[in-house]
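Think of it as A, B and C in the order they're written, each chain with its own count starting at 1.
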Amino acid sequence: MSENKKLNLLVFSGDYDKALAALILANGAKEIGMDVTIFFAFWGLLIARDPDKVSKRKKNIFEKMFGFCTPKGVESLSLSKMNMGGMGQKMLRKMMKDKDKPLLIHFLQGARKKDIKFYGCKLSQEVMGFDKEELIPELEIIEVYEYLKDAMESEIQLFI
Amino acid sequence: MSENKKLNLLVFSGDYDKALAALILANGAKEIGMDVTIFFAFWGLLIARDPDKVSKRKKNIFEKMFGFCTPKGVESLSLSKMNMGGMGQKMLRKMMKDKDKPLLIHFLQGARKKDIKFYGCKLSQEVMGFDKEELIPELEIIEVYEYLKDAMESEIQLFI
Amino acid sequence: MSENKKLNLLVFSGDYDKALAALILANGAKEIGMDVTIFFAFWGLLIARDPDKVSKRKKNIFEKMFGFCTPKGVESLSLSKMNMGGMGQKMLRKMMKDKDKPLLIHFLQGARKKDIKFYGCKLSQEVMGFDKEELIPELEIIEVYEYLKDAMESEIQLFI
């Protein structure tokens, strides 16, 4: 077992701004030599959708109403507040671009290259009707017990 | 003092989906032998209302406006997003039933049978005007200091 | 290095109720001898604005739309739910005053007198266009790496 310090994130939210916070933390932790695991649950699974599969997905009426049709991937997620029908989100992304900051998609791509461990919550996946194939391939579906075991061995655990 | 690993949850939210996350974690932790404490604060106190007392409660104008009249108990809490006037919440519950998953009320009942320690925040209780009698009987009202002492001895602490 | 137990808060939210929770925890922890650091990120930076500078700030169209014009300081922040255009927030404050409880501004002032360490997230500050001068003077701007180092040495870490 690794002797590195560990960061464990339970990402419950599917909001653009909170996803950004989670992935900035994850990338930053990896850069200073920590081991990082992210457990995506509930709305958080929206962040872990495979961008190559997003548009092909057939949606039922529930999924449509829950806003699961995000054709452009994570860059089309909403803000947790001040979203204003997407205008607030667009504005934030413009402010980030103007300051030459990476966007959520870049932090996610960075995380995927950095040997960060991605987990998805089995119960959430089943309830929400995501197929394993729709989620990024390196994501492993686990139960809450495995999340807890990983979390209890981590120096930092956050619920985002 | 117990040598078990400990999970400590500060449940601030009174949303159906976040309450679900908290209680799934609490039940799961107990099932793998952890000690679990839940500290309900602010909106979280809505989850800890005694279902047998809910309908008898007289409400003042503030409590009414804060949505404290939840005649059906926890199953009538709102979603943190996509609630759509309750329709989103109904849909989620339908999706859970269709997949034979327990609902929030069942996870709460499970937790109450599992020797999980329930705490309520004294300040929140006073400000929001809940009587001790309206909350589930096994809930103990404590101050923030006691929460902190419990949290610092826990392997996992989450703010939900 | 201090041998005190440590509380580390990552305050992402700029909501009145969540800020209240964070500052009650911070003050309480300090009162029982813990070391406390608060890392304000994203919306959380709204809590760390210098009340003496708030009204002088010139705002651009983005900042206006993001609701960054809070002329009365932290006491004019919104609730995370039931805000109802500010009416819910006013009601909560009235309920707190009626019960002789301190308001957010008092908990913030208390924290500022208690040798709590305030950090601000560099990336958030740059993206959102806050000048260092607009934030409370004791706040130190740091990168995510420094937050992580502080958090991993803390007994309790929460994302609020």
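The definition used in the following text is that a residue touches a chain if its C-beta (ideal position, glycine included) is under 8 Å from a C-beta of that chain, and two chains touch if they have at least 3 such contacts.
A quick map from chain label to UniProt name: A, B, C = Sulfide reductase.
Keep in mind that this is a model prediction, so the values were computed, not measured.
Colleague: With touch defined as above, tell me whether chain A and chain B contact each other through largely the same residue numbers, more than half shared, or through different ones.
Modeller: different
Colleague: For the two copies chain B and chain C, what rotation in degrees overlays their C-alpha atoms? Round to the nearest 5.
Modeller: 120
Colleague: As a quick test, compute the distance in whole Å between the mean CA positions of chain A and chain B.
Modeller: 25
Colleague: Two or more other chains touching the same residue: where does that happen in chain B?
Modeller: 157-159
Colleague: Which bits of chain A are touching chain B when the two form their complex?
Modeller: Against chain B, the touching part of chain A is residues 10, 12, 14-15, 41-43, 62, 65-67, 123, 126-129, 143-145, 147-149, 151-152, 157-159.
Colleague: Chain C touches which residues of chain A in the complex?
Modeller: Listed in rising order, the residues are 5, 7, 17-18, 20-21, 24-25, 28-29, 31-32, 34, 81-82, 84, 87-88, 91-92, 94-96, 99, 101, 155-160.
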